[in-house]
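Structures incoming, each one as structure tokens.
Paired with chain B in one complex and with chain C in the other, chain A is shared by the two complexes that follow.
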Partner chain A sequence: MDALVILIPLLPLLAALWLTGTVLCGLPGNTPNNTLSADISKGALMLAAFLAIALAAASLLGKNTGSFSVGQWLGSDTLNIRINYQSNGLPVFLAALFAVLLAMAAQFTAGCFLPAVGKTPLHIGLCLFASAILQLVLSANAIGTLMGWQLTAFCALGLTVYSHRCLAASASGLTIFLVQRTGDAGFLLGAGLTYAWTENLNWAHLSSQLHTLSSGQVTSIGLCYLLAILAQSAQLPFSIWLPRTIDSTLPANAILAALMPHTGIYLLLLLQPVFEEALLPRILLGVVGFSTAVYGYFTGLAQTAARNALAYAIAAQLGIMCLEASLGFWQLAAWHLCAHAAVRFWQFLNLPVLQAALDETGARPHTSRPTASRRLFVACLQGFWLDLFIGWTLIRPIRRLSHDLAFFDRHIVDQLTGNPQHRLYLNPVLAQPAGTLGNSGGLPGKLTNSAAAVLQWFDKQLALRGVGKSGIDYGRKLGFIANKIERLLLGPRYLALVVFITLLVAF
Partner chain B sequence: MGILSLLLWLPALSALVLSFFANHQHSAIRGLSCCVLTAELAITGWLLLQFDPLNPSAQFSEYLPLSPKFGSTYALGVDGLSLPMAVLTSALSLLAWLVSDSIKKHIKSYYICFLLLNFGVLGVFLAQDWAVFYICWETSLICLFFLLNRWGGKNRHQASLSFALYTMAGSIFMLISLIAVYEYVPEHSSLLSSMYYVSKYMPENLQIWALLGFLLGFGVQLPVFPMHGWLTLALEEAPIPAGILLAGVVLNMGAYGLLRVVPSFPEAVHSLQPLLMVLAFFGMLYGGLLAWRQTTLKAMLAYSCISQMSVVLLGIASLNRIGLTGAFLQMAAHGILAAALWLLAGSLGEHAGLLRLPDYGSLMRLMPRFAGCAILLLFAAMGLPGSLNFAAQLHAFIGGYLQWGGLAMVCLSLSWLISAAYLLRTMLLLFTGPDTNRQISVTDLNTKELLAAGLLSAIIIGFGFWPQLITALSQNALNKIHQQISAPF
Partner chain C sequence: MTAINFPPLSLLVLLPLVAALLTAFSRPPLPAKMLALAATALELLLSIWVLFRFDPGNSRFQLVEHYPWMPDLQIGFMFGLDGIAVLFVPVAALLVLMTVLAGWHSVQTRPKLYYGLLLMLESMAMGVYLTLDTINFLLFWELTLPPLFLLTGLWGIGAWHRGAAMKLGLTLLAAAIPLLFAFVMLAANHADQNGGDLTATLAFTLPALMETPVPYSLQTQVFPLLLLGFAVTAPLVPFHTWLSSATMEAPIAVATLLLGLKLSVFGILRYAMQLTPAAAVEYSWVLGILGGITLIYASLVAMQQTSLRRMLAYAGTGHTGLAIIGISALNVQGLQGAILLLLNFTVSASCLMLITGFIHARLGSSEAVHLGGLAGAMPRLTGFFLLFTAVGLGMPGTSGFPAELLLIFGAMIAHPSLAITAVAGLVFTAAYTLPMLRRVFWGPARHPAITRAQDLKPRELAVLALPAVLALWLGFFPGTTLNLTKNAAEAWLNRLTTPAFFSAPGHTRPAVGQAKL
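Up next, the complex of A and B:
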């Protein structure tokens, strides 16, 4: 049964590739009503869900060995990275839950109304996201998890920007992407330190080798991964990305807000042995988790839009999960994670029903809105100015840095290298006279052009004309001379002479 | 008859059968060729499944003495180097058959030449005896000469004559070296395995001369500067299927031959290492810079072949395990990539007309399928991570760095930059910018072309993420070569 595990992320990936192929090739999947793309997406995700449930059942019955190795992926010196999957315990149950929820999302997407660009790109994004998140959950080593981790972030960007193709969605997508990249830095650093100190990237190996590491080393690994966990699970100060997902369509919003942040908590549960050994990361986790729970609760109360309120409620609950883990209630955090993901996902998909009900009955005023303290209410409305804080500390410095680098690039590097943005990036054909290849400016471009011109002359003169064409000409001349000699020799006088000489030599 | 004999003789016998067909039976001729090439691919696939990668010796061996007096034998076998090349040959032959619809005249003789070329190339990779190797080598060159001469472009006569002059001259040097080496083999045998240990009996200066002879013979085919004069003309004038086989397989024959002879002369190869290094570095820069100057896609691709195959020479010249692995990976990568790019270049000529690069434009909108495949493949040619070319070039470059340090890095970085420059510029000229009037009637790739190009692109990306599949197959054979080269003299 262990081998089933490979099919679970593979099926949605194949569906995504198939759908991409249909779009590129204009095959029947890209029909105007999109029923075929919806069927492919639903079919793949339902099959993946069925397989995940079967694997989970086998795990419960004790039929699985616990891991499955597909083979070596990369090997160099002591680096040996295998494609390994986990087939027992929490990863399998969580994969089953996620696969079922994603199949529901596919069903919902097939039925909902999406104007403009059609549903096929959304189905592709959904399948790719499903493959990534299932890979993340089931992988038994840090590289496999990182692959899923990165791909989910790219899918989040694509799914957010896809929705309306408007400026707000693009800005939200960029914020989500940038905030999550901060977490990636932590993940990569953690994986790098793990490999440097244990020479292996398997999660199980890290747990078994912790006793060989010093407390400083364990703390360092824990702190690096903590950064990744906090960014992914929308904890303070990274909580701002979660409400930004409302710019995406409803099914995309459901999977981005109700499933994706839970992968951060999953990573936390995976690294339970590390956090049990490392006190500082654990304390930090508890403090941040508690702060996020308080922040999420109050900010959520001030929200007037259902999707925003849900997003802040999710952040608060994720904070509580971090707090539970920090206090040592790992089992409770695991149950909390599964139940919470399912409930929030259901709530998101039921928002249209809720909206319809509210339209009929009218909304009741919220009794627990923090109106008692005006300052607190303002702070809640402003989201405790976290957006501003992240803008000041992360988004704005990155934008300024990119602006400065662009300035440096345009005024110094481009001048030296030949201003490529005008010659190539903007409009390569218009930028130069029609029908010419165009010469590169700048020092390297001029050097390249001169060297290429000299070599081309050399190639024509020596390699092609010298050896090739001249060779042919000389061959022709030689053949002509040989023919002439042959004709002369065949003439009666020379023939008689040859016979005479032969007879003279013979006798 | 063993499985390798079946694989080798199937195309030759089919060519014989084809000669009895009437000229107008085009469908039957194409059908039979297709069946033969499919059977070939199936046989090489079966060999791949049955092959034991842990065994560095030749497997599925067949041995039949031909001339006991001269020690020549009909010996066939495959190891970790020859089997991937045989698979590549069968796969690319089938691909070339797919696009052979473009041949409209002398169809019967075309397919006879095509199958005989297939026989010759397979023979080169399967041969375990230099006599068989040489006969098959010459057969493949003669068939290619006819393919160029009869079905080539406007300057086909000049191209085929130039091809014949260069390659035949190279073959003569190879033959002289073979005879010289044969004289020093104690048992006077022409088996590959017997010649492996000839260095024990051969003086060093003679070893150097013999290796230089082989370098001239195989270097023409590789191609090594300055013996590349035939390549650009031949590739530009070749019909699309012949171009695919020429760029994808025939160039690899030279590299394969060099890999086979290098372990026989460990002392000589160490003495000639600086020469090989200079030729490799110069070839990389030379091919790249000339590709930068070209105004047509085919000429640009032809010169880029020189640059790409010089990476193979660099890997071999590094004489270390990583470099040799890089050389072999680059052979495989270049074989697949060059075939795919040649297929696309031919298709572009058919669908949009043969134009100079600056006269194209906006093909991204006009030919989205072509653009998708071409962008992917041009990025792979650039050595972008995630493609097989990246894995290959990285290995070759690390091998070069371990051997020559900083100097290698400067040359390699320059070569990489130049490749990126001309490939990016090609992409921009082809796919962006305004429409030109001449492209109003362009059509995109048809399903067959898309299938072929898409499959090759997928293979390049697939192996790029998992190069282990190729290295695991060839590692033991390469280790054997490395041991032979680095053994104390």
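Up next, the complex of A and C:
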């Protein structure tokens, strides 16, 4: 039964590749009314769900060995990355849960009304996301997990900007992807340190080798992975991406808000041995988790839109899961993760029904707690100015640095090395008179011009004014210098150099 | 070395050159572009044949050919292939074929000269990759200049193309000077070491120079010269501005080739590191710092660009910096990552530049302010742009992912600070690529012409389809390329650790690729 595991992420991937081919090559299946793409997507995801359930059942019955290796994916020196999957325990059950939820999303997509660009791109995104998240969950090594990790972020971008005519959605997609990219950086560094110190990237190997690492090394690995976990599970200060998922269309937002952040907690559970050994990352995890829970709770209370409230509620619950893990309640965090993902996904899919009910009964009034204090209420409405904080501390300095460097590049470096536009006239025809191939510019150009001026003076003084007494004196001095140079040039290296310069000039 | 009777490598150099000469006599119904297409397609097939003839288990030079030219000075045409060069050749051939096909209708004036120069450029680029003689290397290197200069100066699409051509020509010429000095110093060292008549004991061939011990003091003089020459043309900061100028002003074919043909980084790998191994190890930190600065600087400046073409030029500079970081790691992972990254970037950046050319041909601009909302009118073009952007970002499933992974792991083993720089560069890459993607492709169409713009034509689709398949194939099966470079990479690294090349008394060889954590 272990071999089944490979088909679970592979089937949605093949469906995504097939549908992408139809779009790029203009094959049938790309018309808005064509149900072929929906059938392919649904079929692949339902089959993957069925296989995942079968694998989970086999795991419960003790029919699986625990892992399955497809073969080597990449090998370089001591780096040997194999495509390994886990076929027992939490990964399998979580994969079954996610596969079922994604099959429901595919069914929902097939039935919903999506005008504009047709459903095929959405089906592609859905299948690719399913493949990525199932790969992430089932992989037995850090690189397989990283593949799923990065691909889910890319799919999040695609699913958010699916309706590409909405600029707000594309801005949200960018924010989501860039935050995830920051998390990727942490994951990459964590995996790199793991390889540098243990020469193996299997999760099981890392757990078994922890005793060989110093506490500083374990802490470093833990801190790097912590960055990835916090970014993916929308913990402070990375919480800004989660509310932005609601800009995407249904069911994409259900997938992104209800499933994707839980993969961060899943990574935390995978790294349980590391966090048990590393005190500093664990304390940080607890503090950030608690802070996010408080932040999500208060900010969520101030929201009037159901989708926004739900997004903040998810962030708060994820914070609680981090706190649970930090306090050592790993089993509780695992159960919390599975139950929470299912409930939130269901809530998101039912949002239209909920919205209709709210339209009939009227919006929920603000609860008394945040409104009791005006300042607290303003802070909650503003999301505790988290966006502004990120903007001031991270985005703005980078933008200013980028601006300064671009100015430096254009006005200093480009001028020094010669700007083709340095004879800048308003009329470009005047700047490049016919018959010339541009003008020399920049520091090299100015040096060349100066050298030419000196030689011109020399030529004028000696060649054009005739050979007078001073000319003969100059000639003697020049002859003396030339003799000196000749003696130098008689050295074998310089002789060879001159010979070959001459030869090359002749070419 | 293994020798064969059939000379495929010299044919790889000569075929485009002969075709370039034949374009002068081309007449309808076989116009110059048909001749160019046939020659470049044949060149690609030949390069693929060479790839299959190559034995990856052998780390030495293969398919070696040697033709004397100036026997008194020991100068001759020597061609050969090792695991480092073997992948660059078919990729370069593919690149030129793509540019010929992509610009099928774009050359309206002097087509014979245009295609003749393009073929000459291909011939010289092949010469750079295949030659095993330093003087020939310089010869081929310098002879890439006339076609680049004339193509930019005569067919440039920017307002300042003549100035850009001049800048490009002068920069590349100036870069050859330190290289010439360095090669002559190495040849003279060979004469010194062999102690005979100067002209009789000079050597310019790479195998002979690699077998000659070079005193450490000389290595410390030669390595900076080689590094300077290659850094100017790679380009590394602060010598990079010629690339952005040329990319903005040159025709799309030349801009694509300038971005895609990584001749200088190949030169660093083959000449700078191999001929002066002790200095290369000693000053690997300089390489690393140069690479890091280039990566971060170019990425940050790219964020401010408003033109797709200029942004791609800075992306090219940034990726060169990333590859240099991999090389400076001085381990197999870093080197293989750098080679894979260069090949990956050749494919992805070239295709992005070609797509930019398609946009420019339709809408007359590649400035973001003139574009916007292209996804609605051109979904297939947008799809390909997104795909190649994903390749450039190193997304899993594309060739960029294994390349960046290897490179970062290699850097992590050698210098963790370099790995952190590389990872920061990857984040910045997303930060400048995606906002440009948003401005150009997403949102409502800003101009009526955009809504009427035609999506990819079948010819353009064919141009992009093959590299797309290649990028995905290498992403799923990176072992196909890594197996080809494995032995050569190990031999390359082994050379850096061979004590015979550290002949200075009392000189302690620095650590190579060791974890310093």
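The rule we apply is simple: the second predicted complex is superposed on the first by the 385 of 507 C-alpha atoms of A that agree within 3 Å, B and C clash if a C-alpha of one lies under 4 Å from a C-alpha of the other, contacts with A are read in each partner's own complex, and residues count from 1 in each chain.
Operating definition for what follows: a contact is a pair of C-beta atoms (placed from the backbone, for glycine too) under 8 Å apart; a residue touches a chain by one contact, two chains touch by 3 or more.
The structure presented is a predicted model; accordingly, all values stated were derived computationally and were not measured.
**Q** With both complexes overlaid on chain A, does A:406 touch chain B (first), chain C (second), both or neither?
**A** second
**Q** Using the touch definition from the top, say if A:192 reaches chain B (first), chain C (second), both or neither.
**A** Second partner only.
**Q** Between chain B and chain C, which one contacts more residues of chain A in the superposed model?
**A** Chain A has more residues touched by C than by the other partner.
**Q** Who does A:111 touch here: chain B (first), chain C (second), both, or neither?
**A** In the superposition, A:111 touches no partner, neither chain B nor chain C.
**Q** Just to be sure I read the superposition right, which of the two partners does A:62 touch: chain B = first, chain C = second, or both, or neither?
**A** The answer is neither, since A:62 touches no partner chain.
**Q** Could you look at A:24 and tell me whether it touches chain B, chain C, both or neither (first, second, both, neither)?
**A** In the superposed model, A:24 contacts both chain B and chain C.
**Q** Under the stated touch criterion, which partner chain does A:455 make contact with: chain B (first), chain C (second), both, or neither?
**A** Touch status of A:455: first partner only.
**Q** Kindly classify A:74 by the partners it touches after superposition: chain B alone (first), chain C alone (second), both, or neither?
**A** Both: A:74 reaches chain B and chain C.
**Q** Find the residues of chain A that appear in the contact set with chain B and again in the contact set with chain C.
**A** 24-25, 72-75, 428, 436-438, 440
**Q** Of all residues in chain A, which touch chain B in the complex?
**A** Residues 21, 24-25, 71-75, 424, 427-430, 434-438, 440, 448, 451-453, 455-456, 459, 462-464, 467-469, 471-472, 475 of chain A touch chain B in their complex.
**Q** Under the stated contact criterion, what part of chain B meets chain A in this complex?
**A** Per the touch definition, chain B meets chain A at residues 158, 161-162, 165-166, 225-226, 228-230, 232-233, 286, 289-290, 292-293, 295, 356-359, 361, 368-369, 372, 418, 421, 424-425, 428-429, 432-434, 447, 450, 454, 465-466, 468.
**Q** In the complex formed with chain C, which residues of chain A make contact?
**A** 20, 23-26, 72-77, 79, 117, 132, 143, 146-148, 150-151, 154, 157-158, 161, 164-167, 170-171, 174, 177-178, 181-182, 184-185, 188-189, 191-193, 195-197, 217, 398-399, 401-403, 405-406, 409, 413-414, 416-423, 428, 431-432, 436-442, 444-445, 492-493, 495-497, 499-501, 503-504, 507
**Q** Using the touch definition up top, name the residues of chain C that touch chain A in the complex.
**A** By the definition above, chain C touches chain A via 70, 73, 135, 138-139, 142, 153, 159-167, 170-171, 174, 180-181, 184-185, 187-188, 191-192, 198, 202, 237-242, 245, 249, 297, 300-301, 303-305, 331-333, 336-337, 373, 375-376, 379-380, 382-384, 386-387, 390, 393, 395-397, 401-402, 405-406, 408-409, 411-413, 416, 419-420, 423-424, 426-427, 430-431, 434-435, 438, 441-444, 461, 465, 468, 478-479, 482, 486, 489-490, 515, 517.
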